[in-house]
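Next up: the structures, one after another.
First chain A sits with chain B, and in the next complex the same chain sits with chain C.
Showing the complex of A and B:
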């Protein structure tokens, strides 16, 4: 057993209000430089919708992730044979049009405009060419809250394969409800970006599994961009290097949560490390699609099991890291309670960002032009939830309805149970039956409630010790750095 | 005297620049080693320029290298007229492909606003040098035929004399103007090479073919982290 530690994340979608504070926090820290304006290491998408970049889930055109071919796991986008021919022109690479052309406004025109009958306006200026833009056709969160439109919801790749009845249901939904998905790099267990990088610039950090991209080694061959099925590596058109979410590792190393986590208004985010068995990864990555959710859970080890602890010690995992895995909220949500599901696990990268699916209870129904509020249905059967389960299952459980239904039913049972405990207008028998049907004990329900609704910062973010001070001493003698001037780039990171 | 400077001094100046600057640049600013691809900003014309240019230039350069390394075999191959014509036509064909690709690339750089933003002065110098190089090479092929043979009889001995530090310009002195232009421009390109984005040629990712699929880097030593002493 080769035990490794991996930072995992859980986003509780039932709590996300779609405020984009996470995106802004990230942008202000990392991507406000030339060439990175269009990058959103953290973005929030409205679902159903086309997402960012447009239709990123359509792997027939973007070729992201892995496919099983016989007894081999292969990259959809490239291979050892295709890597050189694809270097001259990468056929699956998204271009600026798939994202948007970044722009600002020429505010000076507000002051310089000659006096006239009209209010002066600030004209939009391209952040790339500096020239005025005639028409802005896309931007960050362009389809924000526009789940209802025929352009965005209809073109959601997850809509493909739904029945006509379900599609109709979805379009009905979009007038009344939608939900948000905040997305960052998933720091996958089996990252396809790393496997596709011809230069070996992308790598996974051994101690915590954070996927990083060496700016010194990247040569702009652009293989990672099609290969990542989540489109979370971005090409910096100015420096000629790709960049991606670094999970704010400088903050993590100082014991602070990443900026997007720290700033989350709805407190939907959880972070903690889990232990997993590297030896099993290969076999598990080959499992049939509908078993992948369970397969990934199988990969994650119980940090309280004495055998696992012994194996972790043999694999060189420090005590502090094992201890933080035992307190990890991610372990609880993913493995213990089975509430959190990986998004699009069928890409077989095993994303380590999990989502608690949103309940989307039916609050109202339309009858002709009349909207009728229906508060009783707050605790309705989850199958009557507005988004057809098939749609949600495509997002969160590779089409496996059972896994999704299990998570939603448990979420609902916790609500019913807490309603019984705190308000008391639900009978004890009904509340206990709901728990029983959801495979949940009263203690678990209280724990879930606590971690969902009351948890403090320290409970939500259990950051393992990185022991940089020790790691550094082992690699280089600190005395060697004495009297050296600075670190990082010795020349400005500019194109030559 | 002129010939001496162009064919016995310039090549050495270029080669010294090439080796020293390339290595120094790699050590001090590895960050600057990039192909600086602009496919992201413009996708369609990129295909019609980049693909023919790269395939064309690779075959043409391969031909030059072959004539330098195995001149005798080449002369033997060319001893049958049909084979000679076949080789010449193939070479010319790939030269035309290269030229078409290069012209497409240059047009794209001029015509597309976004691509023009990421085009530096050194890029324009490369394009000018490459255009002269490819065009002069093609003209040599057209006006001074059977180059594959006289490369083997004249160019190869001269290049070898350079290699052994006893430059003998008498091999190249009688060559026509176009051929001389082609040679001098080639050494200008080599000398200018390390200052430009052309360095991406040196970092083609051949190790991808034999490396493991996934890469993991450790900041601490797994064997000793639990017992630092």
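Showing the complex of A and C:
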């Protein structure tokens, strides 16, 4: 058993209101520099929709992630043979058009314009060329709230494989049904971007598994961009280096939650470390698609198991980190309650960002002027949600309906239970039956409720002690430059 | 004994003093011979008859060494400033001035004059030129010459085919190489069989000399080439048609074909996603 610690995240989609505060917080801190205008390390997508960059889930085009080839796991984007013909250009990258051309407005004309018949207008200016833009054609959340767009929702890659009837059903209700998915780098356990980088610029931090991209080693091969199936590495055209979400590690090291977590008004985000068994990763990554959700849970170890604790200590994981894993909300949501699911685990990168699937409003039908829904009680059957479960299962459980239904049913059961506890218009027998059906105890239901609805900052963000000062000592002697050069000389990333 | 010795040695010593000036003209240095071979021999023989330029045998009798030195340093100036003799040799060369010789100076000119003087006294100078057979040339010679020119027939010595560096009007296609001059009118340029034969027997130019020094062209091959060039000259063309435009057009055509092939081979390549979605929706 080779125990490692990894920072994990849970986004509770049932609570996300799609306000983009996380995106803006991230943009203001990290990507307001030249060359990074188009990057959204954190973005929020409306589903059904094509996302950012457009149709990023379409791996036939973008070639992200891993595929099983015989008894080997192979990158879809590159190989030893493909490196040479693609050496100067990775063909499967999203173009700027698939992201969007970033722009601002020429606000000064609002003040400077000479008096005329019309109101002065602030025209859009491209942040790439500095020239006025004739027409803004796309943005990072262009299909925001457009659940029914005949371009974007219709082309959602997750719609593939649905029956014609289900598609029709989704297009009928498209105007009123949608949910949001905030996305950041998943800091995967088996990151394909790291595997694809020919310069060795991408790496996974040993102590917490945060995937980082060295601005000194990056040589702009752009192999990571097609390789990452979530399209969460971005090329900075100004510095000639790629960049990605760093999970605000400077904040984490200071014991603070990343900016997008911190700013989340819906408090949908949870962060904590989990312990996993590195020895098992290879075997587990080869499992059939519909077993992958369970396989990833199998990888995550019980931090209270004395055997695991002993193995973790053997691996040099500090006590504080183990203790933090024991309190981790991520461990609870993912492994204990099985509520949180990894998005697109079929890419086999084992994302460490998990989503609690949203409970959608129930289906309704319109007859003349009367809107009626086919529900006889307050809480409807999850199968009657407006988006077919098959669609959600494609997103969150690699098509495994059972895993998705389990999570949704438990969420529903908690609601029924709490309704019984707090309002009392549901009988105890009904509430207990709901819990039983959902494989949930009353204690678990209360815990889930508490962590979902009432949790404080410290409960939502259990940040392990990073002890960078100790990690640092392995590389350099902190006393070496004492009173000589402060923090040393840092070189800004630039084309060399 | 001692006296006898002295007396017998003395006349020898004395003789040596008088005889010395006779042998004072040292044999010309290797350097001078090479210089002559490289710069002069292609147009001039010494006792071998006229090539492009006059036979240099008897030069020192025709003109004094000052004139020769002056001429070597500035051929055109000397001819233009000169009188009847100068006009005559210009006319004999069909109005072509001798090109100025790079690196020429008075000292070198003196050495060359000495070389000419010595060579013309020999029964057969090493610069008498090569005598090419004067048998009548036949159509078979022309054909063989053509094949040699094009490289269809190898030179026996393994010398490279002419076409690799030269072109000529009748060879067609995209012509020959552009490194060397166009040889369409070389027969008349070099004034016929003798001079051209001499050139071919030992090509003197800077480019050809190192190539052909170890791979000389055999005399029957020289004759065949002379026949071929004679035939070319008979066509009356001055030079072969320029092939630049057809070459350019064909290059463009080939490039376009390749682009089409690449486009077909990689027709399923990735071309961006969003734009096609929009287009699809508009078309629907």
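Methods note: the second predicted complex is superposed on the first by the 467 of 496 C-alpha atoms of A that agree within 3 Å, B and C clash if a C-alpha of one lies under 4 Å from a C-alpha of the other, contacts with A are read in each partner's own complex, and residues count from 1 in each chain.
In this section, contacts are C-beta pairs under 8 Å (C-beta built on N, C-alpha and C of every residue); 3 or more make two chains touch, one makes a residue touch a chain.
Keep in mind it's a predicted model, so treat the numbers as computed, not measured.
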item: Which of chain B and chain C A:131 touches, first, second, both or neither; value: first
item: Which superposed partner A:254 touches (first chain B, second chain C, both, neither); value: neither
item: Chain B versus chain C as contact partner of A:216, first or second or both or neither; value: first
item: Contacts of A:150 with chain B and chain C, given as first, second, both or neither; value: second
item: First, second, both or neither for A:50, with chain B first and chain C second; value: second
item: Chain C versus chain B, contacts on chain A by residue; value: B
item: Contacts of A:265 with chain B and chain C, given as first, second, both or neither; value: neither
item: Partner chain(s) touched by A:95 [first = chain B, second = chain C, both, neither]; value: both
item: Residues on chain A lying within both footprints (that of chain B and that of chain C); value: 93, 95, 97
item: Residues on chain C engaged by chain A in the complex (per definition of touch); value: 269-270, 272-275, 277-278, 280-281, 284
item: Chain B contact footprint on chain A (complex, rising order); value: 80, 83-84, 87-90, 93, 95-97, 128-131, 190-191, 194-195, 197-200, 202-207, 215-222, 235, 237-241, 313, 315-319, 467-468, 470-475, 489-491, 493, 495-496
item: Complex interface listing, chain B residues touching chain A; value: 28-43, 46-47, 50-51, 54-55, 113-114, 116-118, 120, 122, 195-197, 200, 203-205, 207-209, 211, 213-226, 228
item: In the complex, chain A residues that touch chain C; value: 50, 53-55, 58, 61-62, 91-95, 97-98, 137-138, 150-152, 154-155
